[in-house]
Amino acid sequence: MNASPRRLLKAAAVAIGLLAGAGAWAQTAICYNCPPEWADWGSQLRAIKAKTGITVPPDNKNSGQTLAQLVAEKASPVADIAYFGVTFGIQAKKEGVTAAYKPAGWAEIPDGLKDPDGHWFTIHSGTLGFMVNVDALKGKPVPRSWADLLKPEYKGLVGYLDPASAFVGYVGAVAVNSARGGNLDNFGPAIEWFKALKKNEPIVPKQTSYARVLSGEIAILLDYDFNAYRAKYKDKANVEFVIPAEGTVVVPYVMSAVARGPNTANGHKALDFILSNEGQAIWANAFLRPVRTSAISKEAQANFLPASEYARARTIDYGRMAEVQKAFSDRYLREAQ
Amino acid sequence: MTRRRRHHQGRVDAPVLLALTVAVTLFTVLPMLLSVSAGLTNNFSRGLASGLTTRWIAEVWALYGATAWRSLLLALACVVVALLVGVPCAWALARSRSRAARLFEELLTLPVAVPGLATALALILAYGQLRGFRQSFAFILVGHVVFTLPFMVRTVSAAFARDDLQSLDEAARSLGARFVQRFLGVLVPAVAPSIVAGSLMVFTLSVGEFNLTWMLHTPLTRTLPVGLADSYASMRIEIGSAYTLVFFIVILPMLWGMQALARWIENAHGSSPGPRR
Amino acid sequence: MLLAACVAPAAVVFAAFWLLPMVELALLPATKGAATYFAVLTEPRYLQSLVQTTLLSAAVTLVALAIAAAVGLYLGRRSFAGRRLLLAVLTLPLSFPGVIVGFFVILVGGRQGPVAGFTEALVGERITFAYGITGLFLAYVYFSLPRAIASFTAVAERMEHELEEAARSLGARRWHLVRDVWWPALQPTALAVGAILFATAMGAFGTAFTLASRYEVLPITIYNEFTNYANFALAASLSLALGLMTWAVLFAARRFGAATVGAGA
């Protein structure tokens, strides 16, 4: 009847849609969680394009969203590479969404910071602390310890990323936990601290909030040293980084090649670049600690806080951290939200 | 006739209603104005004193410009599909007395009740393996169609259910017109205002759709609302505002154009009891 | 026969792209055990989220309906220069994604916003309302008003005035007008629009996501489960619960509307 021309039209529409989508695939690698405003991924993506010709579109997911999306798309992945905190990398391997790949420069990565089979590997690490917009404090003293943040004078000024979905959120919880006497088997101190912090009406975003600190919307954010240094030295904001007096942790961020991604070869090239001298130097210039320490220049090093401050930052058992993450997330959502 | 009545209206409870209307207008408009001005100032926290600039708009256009066209085209495609699929369906549901029809009508409204995240997840799990489909705009289009179809069907079937239409249809049939002729020549024009209203609704819903699209999109098929969410979360407030301004500039002409078209069709078909904007 | 052919394309699209996938999704919780379906009832946190969402949506719907009815009554029965423009402006937010509304609330009620500056000048403290229940409520009302205003204005334009004029001439007080003249005329529209407002508010995700609100709504809870090590079974179970609750309220509203429909449905 009049059904056939209609069906034809619909088929045509779908075909056009498919073509439009397909055309964009030339020389592309899809990355999940490459936000331009985090760790200066913007520069890294531009460099990848310039040096290898591969376009990697930016993506604003956080680590939890990345893992969830990868698992949802397991049957036919959309992404080629993924970036997340180390515990999510470990979990991703368990879920079977990663592929083994050992980029050039593999040998230089310390053993504890890579999966022996190549399913994930550290590209850089950071130390967690307070990223403080001094101007936004409007005269109040810069907090120096975890205990300081609980003081009523900081009401409405504190923010932290959601510990249940963002890796940096989870790291903040682990950091305050170990600083206040807990360990990976006992998250009591962390839960107590978050509960106490609730009185200060913290802001809890789910995705990277670098710009909100610069604008003064969030005066004190639990974030990494590299984001704070970048704000201070690159964006010339009046931002200070504080390593809390009670101590904190250093954590690696890892990348994985996604299993059966659409552009595997391009993804590998991108990973190779990220681990190359040039790629690692970009992280160093962005104030991260590149995993290949040979890439840090003296100038970049000079901008970090003195080593005496960093003595309070410790590494922990990342494998165990991954194992207890889900239980902690559940507990946080239940008790401290 | 209605106009004459309106002029006798002076005795409507003016003060309270007027006050409320003014308050609502301010409530609606002030944030829009604030956002527009924030997108044009150099520094939001210092306000207008820091000077006006168009650099944020330029930056937004470079970063996110493509999302505007994607969303527009997606919305138009959604309207086309909703029309092709929904109008015949609306007629059938308006005419049918069967329980199956009522059940189907009920089912059609379910996508509105279920959260977009769930519908999107369901689509990915069901069709994610078809790689070409998954990575194309058709994937997002399908989600939009399923979500907006009940609005089109409900609006148009209400118009199709009018009794005078039945008699028109009967008259045409007794004159020997075949179904296609009757449908395209008599029925559709008679409900043209409703069809346009439905199309406007579908377009509006599609352009602003976020819940579904957020999960269905890929970094290469980002739409405007998804881009907006990204910019609000991680970019400067000035960039977020400039992006919002770009949204206005792109969407408003389309909306007003379609509304003007709606009024024109309404006038061309004489006064009809269809919903008016 | 003819009717079936006309419904067929819609039925195919709906079945293929919603019904079948949803059935698959509905079976997901079973993979973690049948008890997962009742997670919303057994886990206090989920139940609280569901209750909070329902209460918020109901409150927003009622407030939006009341305000929009007033505005609709005013605009629908007056004619003045710029009326059409005003209506267009008031219904503009219909095209906004929820994230824009969340952004507006942060702009106005966040730490950098005019309200904070105002309260600082007044009481010396920057008061922000964007991140709590107030901000969320205002945001939801913001995107609910336009739809209701559009509908009520349309109805008011077609309202018969003899009844009201008769009532007035008999000396009816304002309250009686509202109860006996306006309410019956507006009720069908109120129910229809209220249903849409309620459903939209229940499923709204973008606004709460942008606001990072302290008041947890179920769509955000679903997101939390989704990103918490890809816990799809629980996310699916909560989605079903949300869908069921919304559909139940819509169903009840339709029944109530059908039962009370008098002349002029």
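Chains: A, B and C, in written order; residue numbering restarts at 1 for each.
To be clear about the criterion, a residue touches a chain if its C-beta (ideal position, glycine included) is under 8 Å from a C-beta of that chain, and two chains touch if they have at least 3 such contacts.
Model, not experiment: these values are computed from the prediction.
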Count of contact steps on the shortest path from chain B to chain C: 1
Maximum centroid distance from chain C, chain identifier (CA atoms): A
Geometric centre distance via CA averages, chain C-chain B, whole Å: 16
Rounded Å distance, chain A centre to chain C centre (Cα mean): 35
Multi-partner residues of chain B (each touching 2 or more other chains): 44-45, 81, 84-85, 121, 125, 179, 233, 237
Set of chain A residues in contact with two or more other chains: 1, 6, 10, 72, 205-206, 215-217
Where chain C touches two or more other chains, by residue: 5, 9, 106, 112, 209, 223, 226, 232
List of chain B residues in touch with chain C within their complex: 2-3, 5-9, 11-14, 16-18, 20-21, 24-25, 27-32, 34-35, 38, 44-45, 81, 84-86, 88-89, 91-93, 95-96, 101, 104, 107-119, 121-123, 125-127, 142-143, 145-146, 149, 153, 179, 204, 207-211, 214, 224-225, 228-229, 232-233, 237, 240-241, 244, 247, 251-252, 255-256, 259, 273, 275-277
Complex contacts: residues of chain A adjacent to chain C: 1, 3, 6-7, 10, 62, 64-65, 67-68, 70-72, 91, 95, 136, 156, 162, 164-165, 201, 203-206, 215-219, 325-326, 329-330, 333-334, 337
Residues on chain C engaged by chain B in the complex (per definition of touch): 2-7, 9-11, 13-14, 17-22, 24-25, 28, 67, 70-71, 73-75, 77-79, 86-100, 102-108, 112, 114, 142, 145-146, 149-151, 154, 157-158, 161, 168, 174, 177, 196, 199-200, 202-206, 209-210, 218-219, 222-223, 226, 232, 235-236, 239-240, 242-243, 246-247, 250
Chain A residues touching chain B - in the complex, by the definition given at the top: 1-2, 6, 9-10, 13-14, 17-18, 20-22, 24-25, 28, 30-32, 35-38, 57-60, 69, 72-73, 75-76, 78, 205-211, 214-217, 262
Complex contacts: residues of chain B adjacent to chain A: 44-45, 77, 80-81, 84-85, 121, 124-125, 128-138, 141, 179-180, 183, 215, 218-221, 230, 233-237, 239
